[in-house]
Amino acid sequence: PAKETGSDTSSSSSDGDTVQVGILHSLSGTMAISEVSLRDAELMAIEEINAAGGVLGKQIEPIIEDGASDWPTFAEKAKKLLQQDKVATIFGGWTSASRKAMLPVVEQNNGLLWYPVQYEGMEESPNIFYTGATTNQQIVPAVDWMLENVGKDIFLVGSDYVFPRTANKIVNAQLETKGGTAVAEEYTPLGHTDYNTIINKIKTAKPDVIFNTLNGDSNVAFFKQLQDAGISADDIPVLSVSVAEEEIRGIGTTVLEGHYAAWNYFQTTDTPENIEFVENYKAKYGDDRVTGDPIEAAYIAVYLWAEAVKKAGSFDVEKVKEASDGIEFKAPGGVVKIDGETQHIYKTVRIGEVQANGQFKEVWNSGELIKPDPYLKTYDWASGLGQ
Amino acid sequence: MQLILSCHNVMVDFSGFKALQGVDLQVQNGEILFLIGPNGAGKTTLLDVICGKTKSTNGEVLFNERISLTKLPEQKIVHEGVARKFQAPSIFLQLTPFEILEIAMKQKKGLFSILIAKMSKAQQEKIELLLKKINLYDVRNDLAGSLAHGQKQWLEIGMQLIQEPKLLLLDEPIAGMSGEERTKTGELIKEIAKTCSVLIVEHDMDFVRKFSTRVVVMHEGRVLCEGTMEEIKENEEVKNVYLGRSG
Amino acid sequence: MLSVYDLQAGYDETMILRNVQLKIPKGKIVGLLGRNGVGKTTLIKVLMGLLPVVHGKIQFEEKEWRNERPEHRARAGMAYVPQGREIFSDLTIKENLLLGMEAIPKSKRSSVIPQEIFEWFPVLEEMINRKGGDLSGGQQQQLAIARAIISNPKLLLLDEPMEGIQPSIIQLIQDVLVKISREKEMSILLVEHNLDAVLACADLYYILDKGRMVMNGQCDEINEDELQKHLAV
Amino acid sequence: MSIIVTQLFNGISLGSILLLIALGLAITFGLMNIINMAHGEFIMIGAYTTYVLQQAFIQYLPQSVFSYYFIIAIPLSFIVAALIGLLMEKTVVRFLYERPLDSLLATWGVSLILQQVARSIFGAPNVAVVAPEWLNGALTLNVITFPYKRLFIIALVLMSIFTLVLYLYKTPSGRRMKAVTLNRDMASCLGVSTRRVDSTAFALGSGFAGFAGCALTLIGSIGPTLGTAYIVDAFMIVILGGVGKLKGTIIAALMLGILSTFVELSTSATIAKVIVFAFIIIFLQWKPTGLAGVKVRALD
Amino acid sequence: MKKYSQGAYYGLFFLLIFIAPFMLSDFRVGLLAKFLCFAIIAVGISLIWGYTGILSLGHGVFFGLGAYCMGMYLKIEASPSGVPDFMEWNGITELPFIWTLFKNPFFAISAAVILPFLIASIIGYFTFKNRIKGVFFSLISQAVVVVTVTLFIGSQQITGGTSGLTNFFTVFQLPLADPEIKRLLYFLTAILLAAVMSLSLLLTKTRFGRLLIAIRDGENRLRFLGYNPVSFKVFIYALSAAFSGVAGALFVLQVGIISPEMMGIIPSIEMVLWVAIGGRHSILGAAIGAILTNSAKSFLSEAYPEFWTIFLGGLFLLVVLYLPNGLAGLVQNVQKRFSKKDKKEAEKHAADSLVS
């Protein structure tokens, strides 16, 4: 909670022996189901860093705000954190909409935002670090994999907002050159709960695979109703890019058995860092809790920031940005590296198959770190999309 | 003598129930016509048809022998000069008698005329005069909702008067009034009749006897008979269906 | 049966009843007269429990009633025909009448409407399945009365029951009232403007004015001009 | 051909779900004129009740009886929601009968609170309810599949309607309820104990919401904001049917269900939503008091 | 005496608003500016709800339309390539026709007012003509919200979809971030609020105002006095919609974002809440309600990010339960308590009516 400072003294938050950072996720409203866990992960990282002596000898003091699943609120709270609390950086957001709402605020106030969720790319704000996957670290390889291993007829279903629509634009362009076909492209309003009709369309279209960019709640309805309609993973597998362990837990583990998801991290990813990470997370928040890609990305965001600050020897935004380039970190999902140019990070791409226990079995990974390419400049088939 | 109102074969059918089954009725200019009849005979319904509240399924209502009222919307009918007092007082509970009369007062009632309307001295006096006439001057600034039943009745009559109508329809105007007030109301109506025709529905026979020139009796959605009160009283059928042993 | 001692009541700001005394003997019909706005309806509402007693005492059947809710009074044997009828416009006549029997204790309550009701008010039987709201004014009035007496109350409160009723039915109602008050020993408080109607059936009369009872006595030895003085505007 | 039949079934099935969520509102809003914005949260309560019961079974009972938990969940979710509804009636709603529009605001407050409370108790992320074995799978008549869950829900709805109609139109208690909602003062003057009637009615409405919540666990997500997804549809159906007209509510639900599924088939979910709501707007222009609405004689 | 005190309240209100910028931090002033926009909406709602008895649960739409009109202009000015960024992601290379109109700021601004007015007039004309009343109207207005929001989200290429319009830098080439500009906008908002409030007061104090109340009490009765309630209702409804449009335009300028969510069901209902809390029967009350409610919301969410919704919900509950006429009602009662004079008068009236 913030202390009410009526008229602002221009005291930077890094005075004294603490440094304040903002944590801005939806703690209420429809997005809370996903975002609360990101806050938990970030708090855990902060605790660990503080236990290890903090950054530049200062303890990190988080100021938590609620974005309330409402974009203007994200903007308002970001402004509050930067102008009122003078935080050194903000960790926050989930939906692209919330990020786009915060973007002008952090730019105008020359603040810093660490955004931890896979997204649609086409963005490089000088004041934002993107620790989730951009399209060439998730969607593009996922489509390649589908074409190779599952089939060429792909049914696109997604929630009606910027991430799925942009993602599917890319998929379409990709399919054209790689010789696949998008048999249909369906969007449903956020929070849509009746998928019978779309399932009916799927039945008639008989695709080889469904590429799913649905968000949050809708996934529950979609998978439950898909199963009821008698469509199993053997008939038509679904490859999702927004369904992580936590969503699976909310749908019912058995329902998704055999379906796929593309991420950079799974709770089952086999690294010493991850074993420790999962342990700590469960120890802190309960055995029934699960980790997942966005949770991990939020967790490492804090560490990456801390590393950059250490390297810069200052909390100053400009210095931190300069210092960030090339910073490496042993993340639970494997080593990651900040790309100073795009302010995204190098990541390993993984595709997993859902097991009966709701965990993923990795069926493929990129083997090497993939360089982030938000505008897909290095993919000639993508030249038609935006600039 | 010219007709202010004439109904020909008016029928009303409420989803199967025939409330009016062909009513023929004339109101002369400047007369006080009493409409009596058993409960449920269709008197109120007939008034409803005349003032446009209920649409007739059949038949014709002519005003001033020219204007057909059956087609017009309520407010247009009022503009033609037909004012109507309802059986149960229906006033604006959240306004004061003064304000209610201000609204009811004869004036241009379009949106823009009202937006620019100002209270003139003349209007003010006119309203206050009427308030005195209907014994509400002392409560003119109380909320109408807090008036007693009888007071509401008078206020509603006032609302009709101040519109200076050509034809006034009164549905049981003296219901809930004590003897004294009944007479006063009667006098009031007499006075009104100097400037406009009046069609009154009433069940109080003494009142009818006192103030009627001509009486029409309705029964089961039809006009049963008409004439002076004396003639009516002698009519056997009227006795059976309506008056009973008294009268 | 019912006695009211120096009752004071009214609406939040304004005291309408200043000091009211009233006695209604068992099986008698008491006529309550008074000009418009003197507070007759107010008094009945207080008796029925729709308005609070500010000061004074209401005794009904050896029990003193202060702020019990109306339903308790109804079950204790009070019934009420409000001015303006207040029938349930969306319910059928049958349902309206059945609701009238709510005041009867469950054990004795039947689900059929006693035939006598229809003998007194034939029109109700004809229209038994019509919506109350569709009835004509007079028909509604008859329904309201029927609904009140159907529970054989000990005390019947009538607020201008003759209003808007055709003469023959007025006589009918008067007869019914006299009949039930005699046969069932029902006490009746009859608020009425129509003096003749009161004199025709009431045993006793009260006149309310300026918040108190200014005159009362036997109807048969009533002094007309004295009375007119009080009713005069 | 088969796709049409399937769609028709989907329409009916969607309609039955809409009806299920609207049924409780048809009482609290339709009859009692309480604009109950917390209706969605009572659905949520029903859903969480089912979840809790499931967990209890997993915890304390042998695997063999697990699949019966749902049988118990149905009445239990009704009861729990009804009780909470009762509490809400006694503490909040009771004071609002005279001013229905204010009820909208108060119940809005309640819904905010209930959502956060649920979040605090069960955590922000969704929880999962595993459908009992006997509800998995589908009945297949030449290539057309009828999922058991859907059939089950349709059956539930028919049952609830039957009981509700019986209650409202055939029992004295139902008559009392209608009387009280029409004219509270007069009803009490006739000896109806309005307080009890009100509480019963509101509890009943809330109960049906909980009921719906239980059924919804079979096909949708279970989270603190579950209710928000359904509340608007519920109101639209009650309105479209004509406030207080059960028959209308039923027809309205089926109409919307079938309309939206068929429109969606030939267009998209978004367009279907637009068309359905536009349809509601236009339909009410034509029938201002809803499908089964009647004109009353009274002036206002 | 009564008049005088009312004037005093208004004076105090605007005094506070005009000195606030000099007392508060820029951030707080920014928030207050936003709340003043909301106050403008509240005034409009009190006109239709408090006075005319029309409960609109769809004013978010008109607010949104106003905001989008302004936002489109700002977005164009913020797009170097002349085509908004989100369009480019959707592969749109040249400005759609409707957008081109909004290159002209004056068109944009007038549209922000006129468009809501027109649309409200159309909706109002049909619904009122068909005698759709009370809660039926309220829910129709909600249906309108759903339709509008769904359309805006669905046609992402031209509306920006869920994310809406944001990332503006300048208006008339003046930097929006500049403190001076912000202050300027704040006072502009305050002045417009004052204008809207005086206009509303004027309307309610005249015969027109009494007519609104008559409509609330029973519009059908009014027909039999020779009025056509429809035109009056349409006018007042459209007027309040226009107010919301103005508020929307000012909102985007100062908050820098508008998204479909903002015209959704929840904001629309919240708008009504502000008015209820302030007192629906009082213009000033409504405005204050908007400001206080939102201040409470901001404060609570900052102080208790986890549980603020519980407190806010509780606040709504208490106000509705214990202040039927909102804060304004409370103030009135307090006044009554203090001036026994009112009571005396009441007594007198009663006495009068007794000897009438």
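Things to note:
The first chain written gets the first letter, and so on, giving A, B, C, D and E; residue counts start at 1 in each chain.
Keep this in mind: a residue touches a chain if its C-beta (ideal position, glycine included) is under 8 Å from a C-beta of that chain, and two chains touch if they have at least 3 such contacts.
Note that this is a predicted model, so its numbers are computed, not measured.
Common neighbours of subunit B and subunit D (chains touching each): C, E. In this assembly, the chain whose C-alpha centre lies farthest from subunit D is B.
Here B-E and A-D were compared by C-beta pairs in contact; the pair with more is A-D. Chain centres here are C-alpha means, and the one lying farthest from subunit C is A. For this pair, subunit C with subunit E, the centres built from the Cα atoms lie 50 Å apart.
Here the spacing of subunit D and subunit E, counted between their Cα centres, is 32 Å.
Chain centres here are Cα means. That of subunit A falls 37 Å from that of subunit E.
Rounded to whole angstrom units, the spacing between the C-alpha centres of subunit A and subunit C is 75. Each of the following residues of subunit E touches two or more other chains: 150, 153-154, 217-218, 220-221, 309, 349, 353, 356.
Counting only residues that touch two or more partner chains, subunit D has 115-116, 268, 270, 273, 299-300. Counting only residues that touch two or more partner chains, subunit C has 14, 35-38, 134, 233.
Put simply, subunit B touches subunit E in their complex at residues 51, 53, 73-75, 78-79, 83-84, 86, 90-95, 99-100, 102-104, 109-111, 114-115, 117, 119, 135-136, 138-139, 141-142, 147-148, 151, 159, 163.
By the touch criterion given at the top, residues 203, 206-208, 210-211, 213-214, 216-218, 220-228, 231-232, 235, 349, 352-353, 356 of subunit E touch subunit B in their complex. Contact residues of subunit D toward subunit C in the complex are 172, 175-176, 178-179, 182-183, 185-195, 244, 294, 296-298. On the subunit C side of its complex with subunit D, the touching residues are 48, 50, 69-71, 74-75, 79-80, 82, 86-91, 95, 98-100, 102-104, 111, 131, 133-134, 147, 151. Contact residues on subunit B toward subunit C in their complex (touch as defined above): 14, 17, 37-41, 44, 87-88, 135, 146-151, 172, 175-181, 184, 203-205, 241-247.
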